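Got some structures for you, see below.
Okay, so subunit A shows up in both of these, paired with subunit B first and subunit C after.
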Partner chain A sequence: MHHAVLDEWSRRESALHRRDPRAKTAALVVFLIVVTTSTHNFVVLGPAYLGMLVAGMAWARIPPAGALARAAVVLPFSLVFAGAVALAGDPQRAVLLAAKSYVSAAAVLLLVATTPLPALLRGFEGLGAPRFLLMVAQFLYRYLFVISEEAQHMRAAALSRGGGIRAGRTRFRAAAGALAVLFARSHVRASDIHRAMLARGFEGHFRLVRNLRFGLADALFLVPAAGFPLALRLALGGGV
Partner chain B sequence: MPMHIPDGFLDTPVWVGLNVAALPAVGVLARKAQKGFDHSRTPLLGVMGAFVFAAQMINFPVGVGTSGHLIGGALLACTLGPAAAAVTMTAILAIQALIFQDGGVLALGANVMNMAVCGTLAAYLPYHFWGRGRWRRAAIFLGGALSVLVGALLAISELLLSGIPMPGAVLGVSLGLFMVSAVLEGAITVAVVGALEGMQPDFVHQPSGRRSYVLGALASAAILLSVVGVLFASANPDGLEKLAADVGIASRAKTLFATPLADYEAGFFESPWARKAGAGMAGLVLMFGASVLLGRFGKKRSV
Partner chain C sequence: MSRRLIEVRDLRFRYHDGTPALNGVDFWLDARETVALLGPNGSGKTTFVLHLNGLLSGEGTIEICGVPLTKETLSHARRKIGLVFQDSDSQLFMPTVIEDAAFGPLNLGLTGDEAMERAREALAQVGMAAAENRAPWHLSAGEKKRVAIAGILAMRPEILILDEPTTFLDPPAAAALLQLLRELPQAKIVVTHDVLFAGAVAPRAVFFEKGAVVGEGTVPDVLQRFGWSGPLTGLRTLP
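Here is the complex of A and B:
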């Protein structure tokens, strides 16, 4: 599963993994803005941006080939729209759109592949995102596996009962019933989780094993990580 | 067929503007969703978000050999209420953008406005007004369909505003697909809400049935923001100019995009239709955001 691999990558050890999530998030945002606003010379800039990301992946000791392949999930959407743009008579722009979306996706991937999600979300909280929303996102991520597995079991059960064979009203209602059951189970699970949390003295936020600390190393990381793509873009990427 | 816009597609004013609009909207909705509940609300919303993800694995047969799945905004609005549904959808979009590279990070504000804020509010409106009487099933169906249509049309209009040219044929085909998936979402939502009520009625959120304030707020916000929308769209004419050049879109999109606010444009532009359309869509974006805010504040006061 996609997120299982990411989860494993994000828990490895490297200098990039150890950087404060806020520093990495700031570097990502700068990088994404640089990519999306580059209008000229993308033939040179695109590979250069991608090169930086690959260097980051190698530094973080995550396999660049695997990470780049994973970033390709963005392509079905971008290629459809790029195709439309090409049909409208602007093939250059079509390539640019697809390339930008791919490089951006690879950059996001590098961030989540070097930062465990709880630490990342805690970093967002430090940057001012509403805590309630982040807690919801955190729970969502934690129970994604569990609920998905339940859905897979239900699907396998329905298929083995012959549910996949014919379309029709009955089958539609059966699927709706299955979703309703999944909903009810998720609901019950949520209240179980809540009781368990209360029993363990939950006080409103998750704790990290290690508290966030924005140190000198993070500042030193941020300067080239944000500055290098920015300088490249200002030098070659056309008017601001 | 949800439309998650990736990074690199939107023009800088478009994604910046939508992020600026999304931040306060989500902030207010988050506070509203949290209100009156202790921490029990957090696991519920999170697990329900996971449920929406997992629900994509349950296929609904559409015709021979094809199937669709639930998108979820309307179902969440009917069960958790609109504010909680919007927060849950926002969390879903954030996780999709971060972990699954489905939708961009800079474009997150746009996707949140399209699907989580406007889509969910649009899904809830018919349920709010007609969710109690004999039109209940129709209201739920309409909500499901609207959640998909509003999200998709906003996304398309943002892409057009960003100057991404789309030939008329492509636009026509995608609008057709959106219609199909809107009808499907409506049908799935009705069926699942019905099944849930058969199982345990308190899973489903009952609409309060208060009418006046929210509607008034919506109407005044529409007028106010259509003006703002005109200014916004005319300040950003590049994409619109290119859009106007393509006559193929014009005939098709005019009716769809321009009708909601066209009447408010009081002729102080030489009004190529594209400006109207752009103004209408931009106004719609702002209107939905503001009506969420106004609606929330209005409700709070009347309680």
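Here is the complex of A and C:
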């Protein structure tokens, strides 16, 4: 299944996978701040940042092409805003907006693709993120998979009954009806999953097989991972 | 005399829209006993077993291993009772088989190593040890069912409840499941429409109708009494 790709990547073995999620999250936060605040010379800085991410992907043994393609999922959203900025008469800022959002999405994807979700959320918790918010995030993540599976089942069922050959208004009406059914079915399925979790003693907190340990190797990773993009920005005049 | 594990008296439950689902159910289960819950669709069988694990809460009394089931004793009940759901896909939500089997033990407060050890034992018990690093959604229906059972066995419950365990299983997988259940020492409640399976796994049956227990006895007797033995004609029994 396509939606399982990120999960599969996050379970691979590499030095980057083994780093404590808190170290990776801290490095990501610094990276995002550096990217966001880089206002000048992004023509050089952008590719340099992206190059660092590609190097990270190669180090983590995840396919850079596939990861970069998946990071493009953010573009439809950012292009809407970029388009509005361009229409307002600032095309340079529009390009910058789209480019920064793409680089940021690739950075987030690198973190998610090298850290299994339960460990990632535990890392966020260790950094002080509200537990309720994390619980919502973990259920949202799981339920996105559920909705995706239900949608695939419904699509197969519709196609098997000639659902793909209608056109125009009828098709729109059918799609709208299917969407309502999809959410109802997903709700039922999500409730079943939640019940199954409660039945096995779940009390709102995912427990890990191995507790997190922030060691020397994590510190040695964090210093260059956070320091290098910062140094690059300062050296190449990313602006203030 | 066998130890009483479950005692239910006058259990009543209505859904949010007021629809009555259980109308005064009385039920008991002893140690090492297996009981089949039979009855038509919508008769309240699944609603009833969801009460035993505290997933639904109605009026009446439920005692699990001598302890009244209340909000305060919920975790006790969930340690004692392992519930295997009808749809294994809803039960297997972790990324790998071993992590899924370890989910329950970790929630019991065991360390990671202890949980993994229990998970491996349970997977070996159901014959799925070789699949520990596979993704659950890549398994066949029969394998998923076995892993779902392993996830429950890893919690070492005293009572197993299986809701429609043969759904989605082909006959060889159903026979393998039957063999597995016969080998497990726990007391079991099997909710099923599969009368052959019920007859093969359970000496005693309880028949539900309109949210109440309307009869009990041996499986053939109950099937005969409620006119469910007809479909058996000409069918071979499972090994």
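The criterion applied here is as follows: the second predicted complex is superposed on the first by the 166 of 240 C-alpha atoms of A that agree within 3 Å, B and C clash if a C-alpha of one lies under 4 Å from a C-alpha of the other, contacts with A are read in each partner's own complex, and residues count from 1 in each chain.
By definition in this document, contacts are C-beta pairs under 8 Å (C-beta built on N, C-alpha and C of every residue); 3 or more make two chains touch, one makes a residue touch a chain.
Keep in mind that this is a model prediction, so the values were computed, not measured.
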| item | value |
| --- | --- |
| First, second, both or neither for A:Arg189, with subunit B first and subunit C second | both |
| Which of subunit B and subunit C A:Ala15 touches, first, second, both or neither | neither |
| Touched partner set for A:Pro116, first subunit B, second subunit C, both or neither | second |
| Touched subunit A residues, subunit B compared with subunit C | B |
| Partner chain in contact with A:Ser148 - subunit B first, subunit C second, else both or neither | first |
| Subunit B versus subunit C as contact partner of A:Val35, first or second or both or neither | first |
| Contacts of A:Ala105 with subunit B and subunit C, given as first, second, both or neither | first |
| Partner chain(s) touched by A:Leu234 [first = subunit B, second = subunit C, both, neither] | neither |
| Which of subunit B and subunit C A:Asn211 touches, first, second, both or neither | second |
| Contacts of A:Arg200 with subunit B and subunit C, given as first, second, both or neither | second |
| Overlapping contact positions on subunit A, where the subunit C interface meets the subunit B interface | 142, 189, 193, 197-198, 202 |
| Residues of subunit A that touch subunit B when the two form their complex | 2-3, 6, 28-29, 32-33, 35-37, 70-71, 73-74, 77-78, 81, 83-85, 87-90, 93, 97, 99-101, 103-105, 108-109, 111-112, 117, 120, 130, 132-133, 135-144, 146-148, 150-152, 154-155, 164, 166-168, 171-173, 175-184, 186-187, 189-191, 193-194, 197-198, 202, 204 |
| Subunit C-facing residues of subunit A, complex | 1, 4, 7-8, 11, 116, 142, 149, 189, 192-193, 195-203, 207-211 |
| Residue numbers on subunit B that touch subunit A, as the complex places them | 4, 6-10, 12, 15, 26-27, 30-31, 33-34, 39-40, 42-51, 53-55, 57-64, 70, 75, 79, 87-88, 90-92, 94-95, 97-102, 104-106, 159, 164-167, 169-170, 187-188, 191-192, 194-196, 198-200, 203, 246 |
| In the complex, subunit C residues that touch subunit A | 50, 53, 55, 75, 78-79, 82-83, 85, 87, 89-91, 93, 95-96, 99, 102-104, 106-108, 112, 115-116, 135, 137, 151-152, 155 |
